[in-house]
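Chains: A, B, C, D, E and F, in written order; residue numbering restarts at 1 for each.
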Amino acid sequence: MDALIRDIYKMPAGQEFEGFFIIENVEIKKHRTGEPYLRLIVSDRTGTLPILWWKPPKDADLTIFKKGDVVFIKAYVELFQGNVQPKIRLMRHAEKNEFKREKFIRSSRFNIDEQFTKLLEIIETIQNPYLKKLLELIFYDDEIASAFIKTPGGKFIHHATIGGLLEHTLGVVEICEVVAKRYKSIDRDLLITAAILHDLGKIDEYSIDMAIDRTDEGILLGHIFTGSELISKKIDEIEGFPKKLKIKLLHCILSHHGEYEYGSPKKPKTLEAVALHYADALDSKVKGYEEHIERELGEGKGWTKRHFAYEVPIFFDGEISYEE
Amino acid sequence: MDALIRDIYKMPAGQEFEGFFIIENVEIKKHRTGEPYLRLIVSDRTGTLPILWWKPPKDADLTIFKKGDVVFIKAYVELFQGNVQPKIRLMRHAEKNEFKREKFIRSSRFNIDEQFTKLLEIIETIQNPYLKKLLELIFYDDEIASAFIKTPGGKFIHHATIGGLLEHTLGVVEICEVVAKRYKSIDRDLLITAAILHDLGKIDEYSIDMAIDRTDEGILLGHIFTGSELISKKIDEIEGFPKKLKIKLLHCILSHHGEYEYGSPKKPKTLEAVALHYADALDSKVKGYEEHIERELGEGKGWTKRHFAYEVPIFFDGEISYEE
Amino acid sequence: MDALIRDIYKMPAGQEFEGFFIIENVEIKKHRTGEPYLRLIVSDRTGTLPILWWKPPKDADLTIFKKGDVVFIKAYVELFQGNVQPKIRLMRHAEKNEFKREKFIRSSRFNIDEQFTKLLEIIETIQNPYLKKLLELIFYDDEIASAFIKTPGGKFIHHATIGGLLEHTLGVVEICEVVAKRYKSIDRDLLITAAILHDLGKIDEYSIDMAIDRTDEGILLGHIFTGSELISKKIDEIEGFPKKLKIKLLHCILSHHGEYEYGSPKKPKTLEAVALHYADALDSKVKGYEEHIERELGEGKGWTKRHFAYEVPIFFDGEISYEE
Amino acid sequence: MDALIRDIYKMPAGQEFEGFFIIENVEIKKHRTGEPYLRLIVSDRTGTLPILWWKPPKDADLTIFKKGDVVFIKAYVELFQGNVQPKIRLMRHAEKNEFKREKFIRSSRFNIDEQFTKLLEIIETIQNPYLKKLLELIFYDDEIASAFIKTPGGKFIHHATIGGLLEHTLGVVEICEVVAKRYKSIDRDLLITAAILHDLGKIDEYSIDMAIDRTDEGILLGHIFTGSELISKKIDEIEGFPKKLKIKLLHCILSHHGEYEYGSPKKPKTLEAVALHYADALDSKVKGYEEHIERELGEGKGWTKRHFAYEVPIFFDGEISYEE
Amino acid sequence: MDALIRDIYKMPAGQEFEGFFIIENVEIKKHRTGEPYLRLIVSDRTGTLPILWWKPPKDADLTIFKKGDVVFIKAYVELFQGNVQPKIRLMRHAEKNEFKREKFIRSSRFNIDEQFTKLLEIIETIQNPYLKKLLELIFYDDEIASAFIKTPGGKFIHHATIGGLLEHTLGVVEICEVVAKRYKSIDRDLLITAAILHDLGKIDEYSIDMAIDRTDEGILLGHIFTGSELISKKIDEIEGFPKKLKIKLLHCILSHHGEYEYGSPKKPKTLEAVALHYADALDSKVKGYEEHIERELGEGKGWTKRHFAYEVPIFFDGEISYEE
Amino acid sequence: MDALIRDIYKMPAGQEFEGFFIIENVEIKKHRTGEPYLRLIVSDRTGTLPILWWKPPKDADLTIFKKGDVVFIKAYVELFQGNVQPKIRLMRHAEKNEFKREKFIRSSRFNIDEQFTKLLEIIETIQNPYLKKLLELIFYDDEIASAFIKTPGGKFIHHATIGGLLEHTLGVVEICEVVAKRYKSIDRDLLITAAILHDLGKIDEYSIDMAIDRTDEGILLGHIFTGSELISKKIDEIEGFPKKLKIKLLHCILSHHGEYEYGSPKKPKTLEAVALHYADALDSKVKGYEEHIERELGEGKGWTKRHFAYEVPIFFDGEISYEE
């Protein structure tokens, strides 16, 4: 029985539990006697927990436990000034196959394989041979494809799940299809290609070992640049790819955050770029609101706390639902 | 033959023409001899033209010509310092039925009756009896309906045509349907109702006699307030309309500009409100870009001048097309 | 003797006290033995206090104590790690008439009845019959009047007291009188009417049961809209009320926050509107500074902490005084 | 008869006129024959006028006419392409006493001597001996006083008249008196002193020879600094002036623009400073709106053009009036 | 004798002149007789000039003259309403070698060859073998080098001359050397390399045929992206180039505009990036001020007009000097 | 042995230590028995520490220990809930000469005497006799000079050390020398004088008794004003100092923060002012980044926490070094 941290907080003092956790912080402390003990903060996807290894075995090498390690713990609940602070009986590193990563990071609510098949089907509908070739070069590249289907859409704000990037990409494509159908002046193939590729750079922006983290590359360069650069490189492998088409496609990627203050080095200057920007905003904001509601209210109703990025509290009295 | 101003500019000196025009400005001037003459600026939907009535009949009452009047003019082109400045041979007020208002103001590219029928069909799909009742109260009210189908979406920035409000409303509804289908947590009936009603207040914001103009009410109160107030009044006529539903609907209207700096007294604080805001932004920005391209490039390609509101020049090398 | 929380913090360990408090937070916890105990945070207008009911009677139904309840408590002080954390001997719900609401929420420093009389006298000075009629319709409506005299001016920033709205309204009126006297181009009756009504919508924005709270309506719609709507409704009951006057009055209400970023859907576009906006700013900022000084320094002198809304610390070395 | 430019524009071709004007721009041009002629733009307080000296006397030294000179002109109206462009018959420099400066710059609507007397009376009411002494040192200094009563409140935005600074100062003092009376925690003497001195630095910021202009000192240093420095210097002449009082007074001056973006090096951090800032804003904004209405609408009604600084058009349908 | 437009404006009516000019605008107009004539606007680096070809030869093909062509013109000055508007006697296309491009676009005040030699010497001082290799790959590539030495630093704001990029690059390097010497924690080789490469992308951003223009690529993608991409490509040609070094270098390029609002997709997050940003700002702002002074005041002194980007007028009473 | 707080945190429970500390906060508490004890927070330059005097001598006057006092303490470590909270055995006030101020506040990494000598040498290079005289008046004034060499550059953001102002001043001068050498249009003497004096006002802005603190004068008036005023006063002591030079110098001081939002009452409007602003920004930002790295990473590498003012985390993998 692999206990969730959310549940441990509800246990009475004295109750025993066990499970797999990630070490978020670890310090070796000393008792007055000089004997060492461990003070840890551990986490799973439901929260974080302070916990003490008060009496480790005399001969234990406590220095082997590092931030980021997954450990197996047996412990019992203690209340310290009315707060939960369990004490460990036994702790060891976990084996790779003992636990499920889902304990630490949520997955997209959609089936990833079905979603990816849907993406490939959309690629089939592209008429422009250069754009189609480009998409095939990218998504039939196993390395890129396998990274793409796992990458989250973000760390906190929206689509912060395994597969979140794929889910978000399809959401944006759906909206762009409606717009391209209504506005015939739009180059539909260009818009859909841009929608599919707009966040491609995120495959280098996030690492998802046990938790979603931003890579140094992500923080220092950003997905707008790394995505544009990757697309540019792939285009250069396609003979005869029209230069103007390349510029128009890259412009969509470079401007899709819409405003400079969101890290867009360019503002949208074509019909396709402006459509992509607002379609992206629409899908990500709605999802961001929904994830905040889920995180804050669970299955309850009423007001959330102020959203740290959108700067409003959110009111919800419906049902969170993913049923088709 | 009712000449368009756009064409008069291309005529050689001496060419005769005639047609209907709106007086934008008129001054009675005097020749050195003391004889009066008229200096006018006239317009139609293709532009404005300076023109002189150099030798009006001795007994003519020149004071009867006022700003805003529609007049019939016969004249010939003169070049003054290489600039076109025609001289009038004859000028009189136009009769109501002599000319078509389309000469002065463009209409939506869509068929207004078909569009309105489509709107009524969408109302039929609303399941929530209170919201459906509300929409019926509004759109089966002949006065409101006949204003609604003529009102423009704006004066300059987007959907600046007769019927533009109806066209924009359906554009926003289309996008909202996709979003509501993807995000099941959204109350679809509430979102679609809000989308239909979001710009209702514009029926009081614009006057469209011969040109689109903002009313005093529009400038001093604004469509966000007048629309919300009208909806609130109509809701109060419906027995048993749930108070919370009223508040949630009005919140969508009051917050649909999204940010305070765009005159929204509230920022979106529900799923439906945030979806409406970005769907509105998406439809209006794409249309605004398209109208700017048409206005600036006609059937040409390349770069427009900087858009006065979006603050970028726009690049376009496709075809403006409204074909289904 | 009804102890104030501010004083409990100064008591030595072991001292007994009793009094009425509001429950801000309550959790049922379990001792290691499985026996339940209560962990509460309670408040009065002088602060908040953590407190434990360590050993409630065996047969007590602990689930009856809810957030927001007013309770009578007998307890004694304990120091836990040098911090005050009293233990409860006895706790029960309070009867309606046992306690004074003033323990929980402060009242305006002015006498409410005198202030309201003053307001009615000002209404008498209005010459314009339509505006006078409007004010009478509103302030001789018992329901509105009795709400108006109790409503606070705000939750935190300024006039956060019972009767604060009335106090602030008179402050703004006083300033407007000086301005109207100096600037003869101003329509004095319009300005004074707008000043009296500018925050009327706050009667729906705040609930003041035991503490000042914002209603759902307040957060989702806001007092600018609800006030304007109420005034509009009342105007429509008055025969012959000039439409232009209605628009000018509502414009004052809609624009009185002055800038979009403060939730004004309109910026001031008339002399009266601009005068009202700055008179409102003047009275509320001075009061906001004063309340911050009182809250932070008590009767002391020197620097306050940074004001959370005005973003500066405030320096004060005078005497807070309300003497006439 | 000294013609106003506003009236010359309404004259028929051929009409003779004469009057005094300031040269705004002057160019010596050559006819094809090589003969020189002058092309000028001249102004008075009602507008600007292009005018030609087509045939100056053969032996005239045309280089003596410079920008900023006041000249006497005799001329007759010519219409050039329907535009007014008079031709000069005779032009010479004006003598100092031939013309009135009021032709070129408007004066405050209030009587300057009465206003200054009122200011001195207010100074009498100050109880604090140091502040009173300071005000006396400043306003009984003839050089400062005679500059103070002439200086405008600004070049364009508000109180742009001779005596405008004095008028504005009294307006701010009046408002501050109301506030100090209502809020007893305010140090009334400090507030009134700060109100009297808040724009003192403007005596160095503007030059008013024939028109209001900003000095180099005004543009490079600004009245906030020069005023504060002058006050500081005067304080240092007063024995025993308390240092804390000096700092509090200078803080009011340094922060009276309220926000950094208006060139305030400090934000208000005392009750007196915040009251002064908003009282200043109130008086100057109302006056700025009123002056814009006068300039734009004259005695008419309706909408002005967008105000260049306040960024809104203004609606006015009352009467501009200065009657007591 | 190749006349400068600046001088033509000072010629008397009737004077003959000849020279080479770029066509900025051209329209074929018709006389009342139906005969065609040309209306042109032509330019050189000193300004623009309206000019007419009133009587072209009967058999001339007027359609061969296009915007952007360089033409040879013989003409004489005519004054039209006191304005200069010459008439052409003869016009033909210029041969490539007949004229000097310096007539149309200014060059850097520094000797380009000497400057480039200096740059190569600086490259010699780089100790880090990877960075040195990278710089050699780029600057010993003839195509890049020959573009680099001609490219301007900008179109309007600063270093808007042939060779301006090279001049600005050295200016930034000089400042960075001082900073790297003072702050030993800085990686000097990395900073100098980043300084040398920071605006490399401008070689694709501007076209300088006869005038400086921004390319479509420049407007749609921008030099920050194209430069970073080119550097990244060159790095990938160097075996063993450390990945972290690549990321740190690219981060400097991507963040060198410092703030999002200036199109930086990243804000500086390393010592080298922050140093580069402010060194770039320092060199470009000083140069931008200086160029504005030269353009506005020529050899005069006093105040310039408000700078369109820096939003201030500039005061200068020194001597513009480039002497060593 | 004078223990550093940084080291006390690493001691095991029970270890004895002694040393000098500043009292940051002190409260007299009571045991249940009614006996008093002290709860303190003490600090040195390496951090802050909670500490208890659990059993002070019966007859001790505990009220003599005040915030800001330097005390000598003997104590031993106790762990309270795993946290360090030592208990005092003995505490008394420190004598002036017992401890070194360096324990509480860091000094500039440069030798202050050498730096000041360097400053005097730079003053020698000024050719303009008025500017040289001004600098001599200021820096040969012992009171100013001795304040100047001790004053920090800031409280937190950059150069927060004794002597930091001197260090920063020289850094800015160095950069300005490079710029003045490159841009000959700059008045080098004016720029260097402005650079030397730009932060002079900080001698009144900070108090550095045992820690750096801002004075009331600093918070209410600011160094931009007090510095400008002091310079202005000194200039007035120099006979014949040109007025225009005074204005240009003061303009540099008043505008050196560059933008209104950083408290600059003026934006730079001369070449010297714009150069000074960016040189100041460059030196202070690089130093600010470096100090943040040191504070956060010590001798480690990687990412710091987000900088509270620059709003980014900083990446560093080099070596902090001050070696020449």
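Some points to look at:
Basically, a contact is a pair of C-beta atoms (placed from the backbone, for glycine too) under 8 Å apart; a residue touches a chain by one contact, two chains touch by 3 or more.
Just so it is clear, the structure is predicted and the values come from calculations on it, not from any experiment.
Contact with chain D and chain F alike is made by C, E. Path length between chain C and chain F in the touching-chain graph (shortest route): 1.
Contacts with chain B and chain E are shared by A, D. Sharing over half of its contact pairs with D-F by residue number, the repeated interface among C-F, A-E or B-E is A-E.
Under half of the residue numbers at the interface between copies chain D and chain E are found on both sides, making the touching surfaces mostly different.
Chain centres here are C-alpha means, and the one lying farthest from chain A is D.
Between the Cα centres of chain A and chain F there is a gap of 42 Å.
A straight line joining the Cα centres of chain A and chain D is 61 Å long.
Residue positions 81, 216, 219-220, 244, 248, 269-270, 313, 315 of chain B each touch two or more of the other chains. Per the contact rule defined earlier, chains pair up in contact as A-B, A-C, A-E, A-F, B-C, B-D, B-E, C-D, C-F, D-E, D-F, E-F. Chain E contributes residues 171, 174-175, 178-179, 182-187, 244, 248, 267-271, 274-275, 278-279, 281-283, 285-287, 289-290, 293, 310-323 to its touches with chain F in the complex.
Contact residues on chain B toward chain E in their complex (touch as defined above): 12-14, 79, 81-82, 303, 313, 315. Chain E meets chain B in the complex at residues 29-32, 34, 39, 52, 80-81, 216, 219-220.
Looking at the complex, you find that chain A touches chain E at residues 216-217, 219-222, 224-225, 228-229, 232-233, 244, 247-248, 250-251, 254, 260-266, 269-270.
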